[in-house]
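Each of the next two complexes has subunit A plus one other chain: subunit B in the first, subunit C in the second.
Now for the complex of A and B:
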């Protein structure tokens, strides 16, 4: 069950392209139309084998399955909250698969698709949303930083990390993720300035999913976001964020440019948040259902499926196998979540500092004896 | 008399303040159509229009910085910070500008800005959504800081804060937003910067504010069955502190315990303990004790029950104070 709808109708790749705040369609880099037709772009050629295409489809389908399962687990009270990536799978898988082994990604709280591409165990992401820890993975080993909830803060971290890469003469780049809302934060603008001034090998990957919780993009910007890059002195590009091939090609090119020493790029992945902001949110209060229906026609997974089947690059057996793998993944996630042990209370005292202080050690001891007192009382 | 949740009382308080003064302008993220993530501004944009209930761009420094300019033009901005942990992009504006402009202008530029912050834990949220940063603000000269604990105070204190000519950081106990109580909309409320005895007692004075007032009252109730008579005071104002009723109480009881969710290290309890010790030294039978969060990074939600002071931890410290 991967919940991939069929596409039949011809749809406009950029909804509302006539709106004054949106650019004319030619600015949008696209390699796979919403109907699943492969098209070329003069600046972004993509050589891609059939195996890799099928692997991308598998990534997309599996992260959606993970997302659906996590949402269900939250509904059943097993997670405190879940921030769904529904609709943004192509943006995240395209960007995540463009990363090289030595590159470093700086996610927000929604980049489960990038986490997947970096090899982060879904259960490590789940444990954060379950409230078991504050981030269960090793950022350096995985090339995937901890999730950052404070909007925009990670853009400066990515820039500084890129400056470190530059000093070390390493062949790597940093990839900073941010949302459309985040572009309003002062810190994000500072990051763009620093990246530009120091020609830092960093790529800013902005998923414009049209909303910051309830606030539409029009409240954050009167110009298309990718055009802002020019003002900072580096290139900006708008890519169809629901087209995994275009995102892959554009992000690869930007990362290569960064690694070569040509400085930053700002990528605006034009997409749509098909679900609620998080499981705590109720989007019916601020957007019309028709909008979602319109975007369903641009589903990021359906177009890959249409392309693979029509071109004969994948058959029913392949899709069945991916579905079966999705079901196995869902079972693993569910089981792993339900079996996840609660953290020990002493955990909170153990990692505040690299060198433990006597004060916290004493509070830890008090904590233990206080709880031991209860155990004594119960016996 | 009407029965209101704390959240609805805030909503009614905002509505009343906007009706009373056309210069009141609400600013914040998602406060318009959505009505705020906690629905505290629910329906206000619909009734007062987009010019008075402003969905801002996603930038807290922008919210507070532009509030300063609006205040200079005679407006009374009421800024909503979505969660406690997200006030920090605005911290520079609050500490270096909002707090200082009255003094720097020798009183020519008042800053009647209200900064509403839902604070505290207990709602099972992810990081940055459960913190208690009040001491940073109470420590900053030039800001006034209050915390509400119940629907009636929510209704009145919010209006008083908005009417106050000084900047007021207004802390709302988010886990108590859904608590209900009777609110008398016709009484004249006590002054904003005053503390209040909410339960009389003879053996010990228990001080709390915001979400911990309910916990303190429950602890006092539980202690009663052990024969202890505990007086509970809701501090309500954190800066300036109103310690008159506290001192009067401690002189009678001889014992004092302060409860807050924030870490104890340099929290409000430290200042209160120092001041009560100085003013009531000869009446004290025990040192002033504190119950608060441990001095650690706010833990993941599975551990917050063990981190936050609860009835048992309050009673544990009450027993210690009684044992001296």
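Now for the complex of A and C:
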């Protein structure tokens, strides 16, 4: 009897692009193929208008333009460091646009796309990477917490926040962002346990970009990350992280589930960090160029553009206008960065606590008097 | 109207001090736009392209490719000229405006990053106010320890530098891995009497003595022509030493070429009487892997007393065994090289003589004997010599060892060897035989006590069972650190390796 090969084993993880080094992914949710063809998924239907589609494209393109400009500014010595989101635009825009006004996002330090979707001024993010402040936006007003650099810590914050929503009886959810590397952190696992046992209205959105700096996902997990959720007692789903429509649909569904009291969901957005971990990193030292070429074929923006143009939902004038808007944005970011005033040395005392304490006030006064003790200092 | 701007090398990766210009991507006369890649720079962390912060015409490339440039040094001049210039007025010199990249920042620093940048000036205590403010300060509550808040003010400036950049009798060089080299430089500096005896020097040497004021190009010029700046009186604004001052000091004949020649740290070019060498010498800057290798080798050669022993071995049986083993399924697809057997023989010998696999801990006055073998393999790569090691090689089967050696060489050849693969080695093999030579006297990899050179395997006339036969013969050379390893141990260790290679069956007895 001839063995019939299991067809699923031969399914490309992201259909349309050969990826010999990756395992088959029969469970991957995808609504837009890398070639820009719209496909349906039985569990995740998405009704989306043409305006909304074009808006998504604009988000993706502008966020990428911002990222390119920020990387250049770092190379010119204007930013201390920059964590590029190149390649992860769809995962972030899809997730960011799935959030409701009352939802709260808890980002890592790479969620520029989500920041954009929440209405954070790019210059606020830039000032953080310039070392001027630790994040100047209002998290409560924007529903977007400050960037968290400690790996995975924000998952506990999000879970705690979600438990607060539960106690308030509010109609909202928390969306925690994390990376593949963070799944190995104790804090993340604690957050998953608490969220699960309390049915907290939180969605864990893991962008698996295949590398924790230089450590590949194979050293992080022997099973696909989304399958871990089952062990914690809630659903996990793997979505094509380079497919903005699929990410939007999956995240919306997970947030809705959280809001209605059905508990957390773990989303693994399967994507790829096309650039360096940060500007201090050189990815050519630990990954092969062929891998990057493979992922370029799955570019998150190219497929939306292909779909829009092929279906006639957008014309050349639209794409030109978005490009022009991107350049304007870049000019604004560049100008704003160069003109950014240096912060006063006393600022570090001003926001330690919501209300100033006597001790900090004394430290501030001492600091001022110390600096006033030099000749030529302003009185 | 020319509006010249210079782009100064930024710190592209958190705390770097220099970068090497690999290549220019633009030429003089090119019109560049903002963010157009100007050059490729390699730093200790990464090779990156630097995008232009300006739009304009390239006026000058300030460094040749291959030059190592300090962070904060200008690398290119661009003319923003006429209509491409932004509204910013042209500065009266080519220094960018305050706060901009390359522009002045508080405390004599250059803005490369916000907050910090390389200092252009020596740390000088900012003068304190006298009177009321100081008195008030004296009675202020001591809440915070005084600290240096980013500019060169306050008591923080008095701290000794973490990295000694000039030999200084009172400051121990702490540059990692180069301690011995540093001490030599220190000794050389202490032995230089002219510095201390300089008549115009009015300040006591050592900590607290200000370095003479001079701009970096003048500093370099003085170094090149061998003028000690501490002996020069500056005539520039604020006592700054100018190029003319250096020339004047030079003309005064303060130092003869012979004195200069005695000065180890100075490059001296004697007048060339025989024009036959003119233009026929190439000067290659020492940097990157070459620099690292040189420092490591000097440190090793002048720290560990080396002894080298030699052994010529008939390895015919090992070569036959190699053919047989290569056909086994366990080793299918793996490269079964002579090096593999030498490595295995060495590992077996280490088991019998663990002391050979140890290191000298000078600080603790202890010998550290290692229970694991991280086997280093010296590899010639396009970037130079590197010594990655196979971790815990003693625990690997022959097939695993073959795989590990293949991975290690392939990774090295691609230039992707990680720093962790190059650290923690305990003993090393250098396979000089691949270059067709018989043997050598290898220098120890720093921190290790033995290194084995494996020569070419040649067919040679050899006395075998009482008759002269053509046999496959190789030479082994073992260098060891005589502080740790005595002649007896070294000899037995080498003899054991030879015994296994001569008759692999011996391994069963080990």
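Side notes on the structure shown:
Heads up, the rule we're going with is that the second predicted complex is superposed on the first by the 346 of 379 C-alpha atoms of A that agree within 3 Å, B and C clash if a C-alpha of one lies under 4 Å from a C-alpha of the other, contacts with A are read in each partner's own complex, and residues count from 1 in each chain.
To be clear about the criterion, a contact is a pair of C-beta atoms (placed from the backbone, for glycine too) under 8 Å apart; a residue touches a chain by one contact, two chains touch by 3 or more.
Note that the coordinates shown come from a computational prediction; the quantities given were computed from them, not determined experimentally.
In the overlay built on the shared chain, the residue A:310 is in contact with neither subunit B nor subunit C. Once the two complexes are overlaid on the shared chain, A:334 sits against subunit C while remaining clear of subunit B.
When the two complexes are overlaid on their common chain A, residue A:75 makes contact with subunit C while staying clear of subunit B. Shared-chain residue A:219: touches subunit B; no touch with subunit C.
When the shared chain is aligned, subunit B comes close enough to touch A:347, but subunit C does not.
Once the two complexes are overlaid on the shared chain, A:134 sits against subunit B while remaining clear of subunit C.
By the touch criterion stated above, A:363 is placed in contact with subunit B and with subunit C alike. By the touch criterion defined above, A:187 lies against subunit B but remains apart from subunit C after alignment on the C-alpha atoms of chain A.
The interface of subunit A with subunit B overlaps its interface with subunit C at residues 80-81, 130-132, 214, 280-281, 285-286, 342, 345, 359, 363, 367, 370-371, 374. Residues 29-30, 32-35, 37, 55-59, 61-62, 85-86, 88-89, 124-128, 265, 294-297, 299-304, 306-307, 312-313, 316 of subunit B are the ones that touch subunit A when the two sit in their complex. Listing the residues of subunit C that touch subunit A in their complex gives 7-8, 10-14, 34-35, 45-53, 99-102, 111-115, 126-129, 133-134, 136-137, 140-144, 146, 149-150, 153-154, 416, 418.
Within the complex formed with subunit C, the residues of subunit A that make contact are 68-69, 72, 74-81, 130-132, 214, 276, 279-282, 284-286, 334, 338, 342, 345, 359, 362-363, 365-367, 369-377. Residues 80-81, 109, 128-134, 149-151, 181-182, 184-187, 212-215, 219-220, 280-281, 285-286, 342-343, 345, 347-349, 351-352, 359-360, 363, 367, 370-371, 374 of subunit A are the ones touching subunit B in the complex.
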